[in-house]
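In what comes next, chain A is part of two complexes: it sits with chain B in the first one and with chain C in the second one.
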Partner chain A sequence: MNLTQILINSLVRASELGLIAMGVTLVFSLLRFANFAHGELALIGAYLAYALSAAGLDLWLAIPLSAVATGFIAVAIDKALFARVRTAPGLVLLVASMGLSLFLKNIVGAIWGTKSYSFEGSLARSFSFAGGFITSTQVTILVVSVIAMLCFHLLLSHTRLGRAMRALADDSELARARGIRVEAIISRVWFIVGSYAALGGALIGLETVISLELGYSVILPAFAAAVLGGIGSVHGAMLGALIIGLAENIVLAIDWSFLPFAFGPLYIDTGYKLAVAFLVMVAVLILRPRGLFQGTSGD
Partner chain B sequence: MIRRSILKALAFSAISLPMLMTTPAVQAQDAQTVDIGVLLSMTGSLGRGGNNVVLGMQTALEEVNALSPSRQFRLVIEDDESSPQAAMDGIRKLVDVDKVPVVLGTVGSATTIPTASYSLSKNIPHVGLTASSPDVRSLGKGYFSIIATDEVMGAALAKFAMQDTGKKKVGIIVANDAYGVGLARRMQEAVAANGGEVVSEVRYEAGQPDYRAELQRLFSPKPEIVLAVSWGDNARLLTKQAYEMGLMQTVQGAWYQPYPAEIVNACIAEACEDVKGLDIAADRGERFQQLRTSLETRVGSDVVIDWFIGVGYDAVWVTALAVDLANSAEPAAISAALPKAFEIYRGVSDADMSVDADGIQHNQEYGSFVIKAGKLEPYTAN
Partner chain C sequence: MTDIVLYFATMIGIYTIAAIGLNFQYGIAGLINFGVVGFFAIGAYTSGLLTLAGVPVWAGLLAGALMAGLVSALIALPTQRLNVHYWAITTVGLAEVIRLILLNEDWLTRGSFGLVGIPRPLDAIVPAGYQTAAFCGLVWLLAIACYLALRLLVSSPFGRVLKAVREENDLALSLGKPVFSIKVRALAIGGLLIGLAGALYAHYLTFISPADFLPTVTIIIWAMVMIGGRGNLAASVVGVAVVTVFLNSTRFLKDVIALDPQMIASLRMVVIGLLIMAIVVYRPDGLFPERKKELADGDTHAGR
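Presenting the complex of A and B:
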C-alpha cells in the first residue's frame, strides 16, 4: 500500500467531491431539503464543458462557461419547480428532487446519447512525488478546487451576500423581517451551487470519463461528505469530502487477505467505492448524527 | 430453384467471390420473405461493436438478397442497450411478438447466455455472434457460435505474448464478467503451461469512471507482460490512466489484448502505442476482399473492417445458407441445417467455420496485430 499515492488520490477526490458537497449542504441549510438532483447539475456541467470544448473552445474557457450556464439552469429549475413547492413538507421536496434527477439525466441522455465522452487533448504528464505520482491534470484539479473553495469561503464570510445567506440559514423568518430579499438570495444561492456542481463535474470528467452515471456516482459520496461534516456546514462538507476521499482510497488499497474466508489476495473493486461512502454516512448518522462540525446551519 | 441460387454462389465463393455478383439470379415462382431476428447492443458500452455488426449484416443481406430475389431476407433488429434486462425484453419481442424463426445475437456473453436460453426454450435456433464465454457451451442443442470460445483465444494470447517477449512474469487485468473471467482462467492455465508465472490478476467493473486502484494492484508486483481484456470506453480509460500513471511505459510493447480492433478506435493513440493482440479477422482471403468491396460501395473506403463487421457479415450469410439448405423457414429445419451451413461456408471470420458438437466454431485461427500511431497493423511476432 503506497501511502503517498493514497494521499494524493484522496486529495484529488476530495477536491472534486468538496465542490459538489458544498452545494448539497448549502441547499439543505437554506431550503431544508436534500436535493437528489444535485449530482445531475454536475452531470450537466460536465457535458456542457465537453460540448463547448468539442466545438473548439479552449478547455479552460469551456469549463467556466459551462459552470455559468449550469448556474443559470439551476436558477431556472428553482423558479420552475422548487419555488412552487417552497413551503411544502421536506418529503415533497425530496421526492420532487428525485423526479427532477431522473428527468435531467434522461434529457442529457436524449441529447448526447448513452456513450461516454472524454475531453480531447494530449495525455497528462505524470510526476514522481515522494514515492507516488501525480499527473498535471490532478495538479490542475487541486489548484482550481482550492481557489474555488477559497472564493466560496470569502464570499460566505466577507460579503453582504454571504452574511445574508447565513442569516437566511439561521432563521428565514427573522431574515425576512430584517428586510433581506429572501427569494433573490435563494436565486443567487442556486446559481452558486449550480456553478460549483458543474465545476466539480467537469473536473471529474477531466480526470476520468463523462458518462450518464456521473451524477449518480457522485451524489452519494457528496451526501456522505455533507452528513459527515454536519449537514448545513459548508466548511464541514469540505472536511467531510476529504475524509470520504481518504476512506474510499484506503479501503480500496487494503489487501483483505487476512480475513478468514480469503484465499489469497483480496481487494475491493472500484465498483464498490460507493458502498464505502454509504457505510461512512450510516456510521456517522448512528454515532454522531450532527456530524463533525455539529451541523447547524450556514456556518 | 431457390436452393440452388445461394449454393451455387457459395460454390463460386471459395474461388472467386466477385463472380457472385454477376451470376444471374435464378427466378422462382413464389416470392418469400424470411425474417432474421437480430438482438444487438446498439447503445451502451458495447454500442460501437453492435453498430459495426449491423453494418456487416446489412452488407451481407444486400449480397444474399441480390442472389436470391425469390427468397428475400429481412433483419428485425432489437437493441439490448448492452444490458441483460433490456436484452431479455428484446428477445421476448423477437420470439413472441415478431415470431422470427432464427435469432442472431448478441455482442456480449452476459446478454447472449440468458437470451439464447430463452430462444432455445421456445425452440428457436440462436446464432451467437461475439459471445466467447465457455459457458455458452452449456446452452445446448440449437445454439451455434460464429467464433470460438475463450479457451482458444485465452491460451493463444498468453502463448503469443510470452513467445513474443521471451518474458515470464505476467499480470492479468480483466472485466469482472463471464467474458473476462473466462478468458483470465484460460490465460492463467496457458501461462503456467508455458513456464510462466501470473504475478497479479485484477478484475475491474466495466463502466467505472476510475481504474487507478486496479492499475496499481496490477503493477504492484512489477509484471513484465500485461494481458488485458477491455473494450471501448473501458479500454480508453485503462490505457489512459496506465499511461498517465507512468505504468504503461514499464511494459512498453508488452501489453497484449484479445481483439485489439475493439480498442484501436477508442483509445488515445499515444497511450495505446505498441499494444499488441490477436484478432479473428485474420483471413484476408477472397471473402474478405468481397466484403471490402461491398463496404466501400455502401459506406466509402475509409471503413476499417474489424471483427464485429466480419462476424455480422458471416452470421447473415450462414443463416441464409441454412434456410437455403433446409429450403424452409421453419425453426427446426433451420436448426438442423445450420451445422452443414457452417461447414460449407467460407467466411471472413475464418475460412473454416465448422462447428463442434456444441455448435461452437472450433477451428479458429488468429492473426497478430499491433497498434501504431492509432492504427491497427499486422504484426509478426518475434
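Presenting the complex of A and C:
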C-alpha cells in the first residue's frame, strides 16, 4: 500500500473514531468513569439510521435524526442509571456500564437479529487522488466528521454551555458553588455525547457494514484514542484518534522483514487490527500515564 | 433427567471456581478484572493443547491454572499502578488480544476450528455410565478445595492486608505494607482459579473454539459474583446457580412461547444486563453482602 492510501484510510478511520472517542473523554472528565457502554451508543446510532433509511428516508435525514434520537436515549440512560449512582466509587460505575453495554447490545440484537446490514443506495464511486483511491462515501465521512468536530469546538470555546462544561470538568464543587446547574449541564453533555457517538457509528456503518459487533469493536480504539490524547481533552481525543488510525494502517502495511528474526516478507495479519490500538494504548499508559498531551484533568 | 442435573451440577461447579477467583480479586482485594474470559481461555487452551499432545490431564489442569495465574501477574506488573479505570480498560483489551491470538495463530490453536477431542479425565478408570458423574465429583472436589484455600488466605495476615488495601489504599501504603506486590499476588491467585475453571471447562465439553470465549462470558461471570455478593465467597455459588439455571432453562422456553431462538438468546442477555444494573443501583453489595467484622465504636465505614 502506498503512503497516500495509508493517509486516506487513516484519516477516514480517525474521523469516525474521533466522534466516538470525544464522548469517552467527556464522560470520563465530567463524571469520572470509563463508560464501557459508549460503543453501544454508536451501535444504536448505526441501527437507527439504518432503520430510518430502510423506511424510505434519505440518508441525509436518517443519520441526523438517528443522532438526535440516540442523544435522547443517552440522556434517558443517565437519568435511569448513572444519576442514581453519581457519587458511587469508580468501581461501581464501571460495573454498571459493563451491565449496560450487555443490555443495550442485546436489545438491538433482539430487535434486529444477528444479521449484518448495509445502507442501501450508498453506491460509492471511487476517485483516484494523488496516487491513492478514495470513495465518495469516504469523502462524505471526512466532511461530515470535520464539520461535526468544528461545531463541537465552537460550542466548547464560545458558548455558555461550553464554558460551564469546562468549569465542571475542572472543579465540580467550585462550578456548583458558582451557581452552575450541574445536573442540567450533565444531561446536555449526555445528549451531545450520545448523538456524536451515533453519528460516528452511522458513518462506520456507511463505510463498512452494520453488525452487532460494531459497538464492541470500536470501544477499545476509542478508549485508546482518549487515553492517548490525555483524558479530559476533547482536542486530544481527536488527535489520539488520528494517531490510532495511522498506527492501525501503518503497522499492518509495513513489511517487518527488517527484524533480525524474520525470514522473507513478514506482514502482521489484518486479524490483529483491533490489537494495535490496544498495544499503542498500553505502551502510552506505561510510559506516560497521563497521555501524550496533558489533559485538562487527568486521573 | 440425571443427565440434565449432572450437566447443571458440573457447570455450576466449574463457574463457581471462576466466580470465587473473580470475587477474590474484586470483593476481597478490590481489583477490577474485566478480562476474566481471557484467563478462562488461557486455562482452557493450555490444558486442551497439552493433553491433546499426550500430557496427563492432571498436569494439563495444573499447567492451565498456572499459566493463567502467570499471565495475570505479568500483565499486572507494568500496569497495576494505573488507576482503576485505565486498568479496567487494559484488562478488556488483554482478553481481546488473547482471543485474537486464538483466532489467528492457526499453527498453535487451529484458529476458528478450535480444539476437538480433548480427553476427559477419569474416563479410563471409571466404568462407562458413571463417567459424567465422576467428572462432576472431581469438579466439586476441586471447587471445595479452592474455596477452603481462599478462606484460609482471607483469614491469614495476607488476607487482612488485602482488605486493608481495598478499604484504604493509601493508609496501607503509609503503614509500610507492600501494596503493589500484594495486588499482583491477589490478581495472580484469582487468575489461577479462573484458569483452572477454564481448563475444567475444556475437559468437560471436550471441544473448545474461540467462539466460547467472547467478552459476554466476562460479563456473565461478573453477574454471578455481583448477585452472590461482593467479598462473600460462599455466596458466589448462589449467584452462579441462579445465572446458570436461568441461562439454560430459557432454552426450553422456545417450546412454550413461539419466539425466535435467536431473540430468546438476546433477551436472556438483556435480563442479565438489567440484573447487573439493578444490583449496582439497589444492592451494590449483592444479595448476601460480606459480613464485616465488628469495628470499634464510632468507626463507621462505607463497605464499598
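In this text, the second predicted complex is superposed on the first by the 285 of 299 C-alpha atoms of A that agree within 3 Å, B and C clash if a C-alpha of one lies under 4 Å from a C-alpha of the other, contacts with A are read in each partner's own complex, and residues count from 1 in each chain.
Going forward, a contact is a pair of C-beta atoms (placed from the backbone, for glycine too) under 8 Å apart; a residue touches a chain by one contact, two chains touch by 3 or more.
Remember, predicted model here, so these are calculated numbers, not experimental data.
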item	value
First, second, both or neither for A:Thr137, with chain B first and chain C second	first
Which of chain B and chain C A:Phe191 touches, first, second, both or neither	neither
Chain A: partner with more touched residues, chain B or chain C	C
Chain B versus chain C as contact partner of A:Gly271, first or second or both or neither	both
Which superposed partner A:Leu252 touches (first chain B, second chain C, both, neither)	first
Which of chain B and chain C A:Ser116 touches, first, second, both or neither	first
Partner chain in contact with A:Asn9 - chain B first, chain C second, else both or neither	first
Chain B versus chain C as contact partner of A:Ile204, first or second or both or neither	first
First (chain B), second (chain C), both or neither touched by A:Tyr50	neither
Chain B and chain C footprints on chain A, overlapping residues	113-114, 269, 271
Complex interface listing, chain A residues touching chain B	2, 5, 9, 113-116, 118, 122-126, 128, 133, 135, 137, 204, 207-209, 211, 213-214, 217, 249, 252-253, 267, 269-271, 273
Residue ranges of chain A in contact with chain C within the complex	28, 33-34, 36, 81, 84-85, 88-92, 94-96, 98-107, 109-110, 113-114, 216, 219-220, 223, 227, 269, 271-272, 274-275, 278-279, 281-282, 285-286, 289, 299
Residue numbers on chain B that touch chain A, as the complex places them	43-45, 47-48, 81, 176, 202-205, 207-214, 216-217, 233, 236-237, 240, 243-246, 268, 270-271
Chain C residues touching chain A - in the complex, by the definition given at the top	26, 30, 32, 34, 78-79, 81-86, 88-90, 92-94, 96-97, 100, 103-104, 215-216, 219, 222-223, 226, 260, 262-263, 265-270, 272-277, 280-281, 284, 304
